[in-house]
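Here come two complexes built around chain A, the first alongside chain B, the second alongside chain C.
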Partner chain A sequence: MAIKFERVSFQYRGVDDKGYLALADINLSIAAQGEFITLIGETGSGKSTLAQHMNALLAPTEGRVHIFGVKLTSDKKKNRKQRLNPIRQRVGLVFQFPEYQLFEETVLKDIIFGPKNFGVPHEEALERAKKMIQIVGLDESYLERSPFNLSGGEKKRVSIAGILAMEPEILILDEPTSGLDPMGRNALLKVFYDIHEKLGKTVMIITHDMDTVYEYAKRVLVLREGALVYDGEPPGLFSRKHVEDWNLELPEILRIQRALEERFGIRLEKNPTSRKELIEALGEVVM
Partner chain B sequence: MNMIDIENVSFAYSGKVEALKNVSLCVRKGEWVTILGHNGSGKSTLAKLIVGLLKPQTGTIRVDGVELSERTVYDIRKKVGIVFQNPDNQFVGVTVRDDIAFGLENLQIPREEMVERIERYAKRVDMYSYLNKEPQALSGGQKQRVAIAGILAMRTEAIIFDEATSMLDPDGRKRILSYMRKLRDEGVTVVTITHDMREAVQSDRIVVLKDGEVLKADKSENVLKDKETLEQSNLELLLPLEVLHGLEKKKSTNEELKEFLWQLSLNG
Partner chain C sequence: MNRIVIGRYIPGNSFLYRMDPRTKLIAMILLMVGVFLIQSFLHMFVALALVTLILVFGRLSVKRVYLGLRPLVFLLMFTFLFQVLFNRQGELLYSLALHYTILNLSLAFMVVLLWGFTKRFIRFRLLYFLGAVVGIFALLHSISFGVVLGEGTFAVYEQGLSTAFFIMVRLIIIITLSTILTITTKPTDLNLGLESILRPLRVLRINAEEIAMIIAISLRYIPTLLEEANKIMLAQASRGVDFQEGKLKDKVIQVVSLLVPMFIISFQRSDDLANAMEARSFVPGQERTRLHILRWSKLDTVALACTSLALAGVVLLRVVGW
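Up next, the complex of A and B:
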């Protein structure tokens, strides 16, 4: 396993000097390849804290985190002796507002900053920039533009290209689609799905959007008050019991499917997970 | 009587393409209007123009019949409050109490009445027990609720929500939506600026912007079902209405099912 959490807890000190438990006794494994995970939970449930443990930006106050063979514990001295830079290259983390982290004069300089920092030769960094700007759905002409004159969606794409240019094995994105319009969101989700499908990488997305969870994820993690309460496939998450106990919002597809079943007795043979599939499946039954 | 009148307004940020091109629209008193549009369609620019944070290059804006100018902008801000997208950028007080008080101090409301209003509107947004808390102790949704309480306390006649729910979790979003409904029921004029169809669904009228121009302005029902217009502005139909659209394309006559899908879209 590329990332392994063993009984991990994380406590931080608040402004009132009290200790707060942000993560509580978490056990978790993530493979270096082929996973598409969504991480959900209410505001303050510990999602971002968990993500920051995955590339050693934070170390546990109890338990152990293993990332590509490096072990992190509450022993700060030992942690400091570890080589953490390679981990940060192998596990790419895109923050919630990546657009605030753009700072260079041109998009190109911004994208090559990361790889050059990790020792990638200039020529290769340029090649990667050209490739990654296209993967995120922008063309090469963007490379010479100033990042500050881009729209919110474009800035997000540029910052994601910058992380991709480091060629991480695992890509973690903290609410990458919040604030984007529907088409922009769909386009970006497709980019992440392609990175997972075509490049075989593990992708983990932190989100509040249950439609994303239902349509894309193969695995979903649910945090509640710092505890990992669910780790499994999305369909199992939306059982009536979990939805009630954890106050989950139903994905639209499932909400409509269930409402039509309840009201009209319409039963679909397969459970659709995309808008298109739902409409097709209903088309066959209802017409 | 109109609360907001926008006539032939154009605006360009320096050295860039026009953000708004000859936009005209109105918001009647007591009406809930949604301004829908893609990222970069000019909808937030429009909000900033209405409260005088930006000045149009051409055209006029009237609020409650008064033309917006440097002379009238402060009076207009007493009539129209605005809640922005990022809760962190609009918390000005040291505590929740201070933050709600901020606008009231500007209005020179007497102390006793101020205290009464702060407590009343903190209760309205379920933040009463947080009055002495600092912003660090609050979630994004809670900060947004404090911002709303601050505006409610000023008793403005209209409130603009500029993508105020886009950074919130589902619970936070639903709460804000419930406040919008309540405000409309109380006769406050509400303008929501969003690309979230769930926020648009309960408003009275929808204006769709595309690339700085008004693409369509109509009763909500007509816009919500207009797949072509919505897709032109990077938006999508609510899923029940997408299903409904599919049924109608296949000339289904199941009126009961169609009505049920419409109701489902309203209760999303």
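Up next, the complex of A and C:
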């Protein structure tokens, strides 16, 4: 297992030493390859805190986190003795609103900033930048532009390209599609899915969008008030009980499928997860 | 961060908390002026005692204010030493012959190095520092053989010592007074009081309301910007910026990678804030109604009378020349 959480709790320290428990007793393991995970939960449920533990930006206040053989505990001195920087290359974390981290004069310089920090030679970093800018759906002409003259969506893509160029083994994205139009959102999700499918990498996406969860995820984690309440496949998540208890919104496709069953008595052979599959399944029934 | 007392409001309910912020501001200024006018040791001690009395009656912990002074100990020591060493007026109180030889200069240098390396393991750092300084002087005084590069004297004069004393006690009193003010007054109240006091400046076409608004907004945005800075630091750390170590060249890039986004965020924030204020019909310079209205009470009159009397007394003493 590449990342392993053992009974991890994390407490933010408050002003009067009254802590705020952001993570409570979390056990979790994530493989270095082949996983596509979505992490959902209400605002303030500890999603971002959990993500920051995964690339050693935060260390647990209780329990242990293992990341590629490095062990993090509440012992700050011991944590500091280990080299944490290599972990951050292997586990790439794209923050929420990554557009704020841009600071270089050109898009190119900003994309190669990460790789060069991790010792990638200049030539190779340039090549990666050219490749990644296309992967996130922009073309090479963007490389010479100033990152501050781009639109919000373009900035977001550029900053994601900057993380991709580090070639992390595990990619974690904190609400990568917020603020994008539906077209841009789908295109970007496709990019992440391709990274997972073609390169076999593990991708974890924090999201509020149940359609993303249902269509793409092979595994879904649900956080509620810092506790991990669900860790399994998406179809199991949307059972009536969970939906009611956790106040979940049903994915579009599932809503349609259930409506078809209830109103028209149409039972589909298998559970579709995307529009395409739904139309195909419906076609089989109608034909 | 929690140990910094200067500029922090700590909830409580003594008479200091019930006073109007205007009174507290004016009283503080009056007392400060008074402290600068005092010229005798005795009066200075009385002033120090009075300030301590204010602390005791205001039910503020003396220890807390002392902790607030701690970051300034270095500054206080520095002014003290500077005065003692370089002010050569008045009677000579003490002198010590110093010999600068290669041997003892290099020994002194080694003492400095030793101090630099070991200071982090010592608990009483200030005492340790003083010990090191005394040690160097002892070295320079006692070893006189070998190649002599020069001679000098370490001399303490009466004037130097007394000036150093006055400056130090004045600084301590001033800092204590302002700490009392900030501990017992919420930033918003302080700001309101400041605005009210500065209002007469309208004659000079200085808009007190605007100044107060600027102060209020900057105070309000300090925590927000700190939070943003923290976020950006984390984001850059996940791109391989190691804020803990690195050579000088790396340090520059680290700072730039933090500062540029911070600038952009601040400008964006101020733009947003300006729009939000305008959307709520804020017009600079226009008369506004208030949620909190300052109320003058008997306590304020008494407090102001007392401080005015204190100042008058000091002025009188100065004029009479006791």
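Following the convention adopted for this analysis, the second predicted complex is superposed on the first by the 280 of 287 C-alpha atoms of A that agree within 3 Å, B and C clash if a C-alpha of one lies under 4 Å from a C-alpha of the other, contacts with A are read in each partner's own complex, and residues count from 1 in each chain.
Convention: contacts are C-beta pairs under 8 Å (C-beta built on N, C-alpha and C of every residue); 3 or more make two chains touch, one makes a residue touch a chain.
If you're wondering where the values come from, they're calculated on a predicted model, not measured in any experiment.
Student: Check the residue A:153 against both partner chains and state whether it touches chain B (first), chain C (second), both, or neither.
Tutor: first
Student: Give one of first, second, both or neither to describe whether A:279 is in contact with chain B, with chain C, with both, or with none.
Tutor: The answer is first: A:279 touches chain B but not chain C.
Student: Could you say whether A:194 touches chain B, chain C, both of them, or neither, answering first, second, both or neither?
Tutor: neither
Student: Considering only the touch criterion stated at the top, classify A:124 as touching first (chain B), second (chain C), both, or neither.
Tutor: It touches nothing on chain B or chain C.
Student: Using the superposition described at the top, determine whether chain B or chain C touches more residues of chain A.
Tutor: Counting residues of chain A touched by each partner, the higher count goes to B.
Student: Could you look at A:75 and tell me whether it touches chain B, chain C, both or neither (first, second, both, neither)?
Tutor: A:75: touches no partner chain.
Student: After the superposition on A, what does A:261 contact: first (chain B), second (chain C), both or neither?
Tutor: neither
Student: Between chain B and chain C, whom does A:140 touch in the aligned arrangement: first, second, both, or neither?
Tutor: Neither partner.
Student: Output the chain A positions appearing in both contact lists, the one against chain B and the one against chain C.
Tutor: Touching chain B in the first complex and chain C in the second, residues 15 of chain A appear in both lists.
Student: Quick one: in the complex, what on chain A touches chain B?
Tutor: By the definition above, chain A touches chain B via 14-16, 42-44, 149, 151-153, 178-184, 186, 208, 210, 247, 249, 252-253, 255-256, 259-260, 263-264, 275, 278-279, 282-283, 286-287.
Student: State the interface residues of chain C toward chain A in the complex, per the touch definition above.
Tutor: So the residues of chain C touching chain A come out as 2, 228, 231-232, 234-242, 244, 256-257, 259-261, 264-265.
Student: For chain B, which residues count as touching chain A in their complex?
Tutor: 16, 37-40, 85, 134, 136-137, 139-141, 163, 166-172, 195, 197, 231, 233-236, 238-240, 242-243, 246-247, 250, 252, 254, 257, 260-261, 264, 268
Student: Flag every residue of chain A that touches chain C in the complex, lowest number first.
Tutor: Touch list, chain A to chain C: 15, 52, 55, 57, 80, 85, 88-89, 92-93, 95, 98, 100-103, 113-114, 117-118, 148, 162-163, 166.
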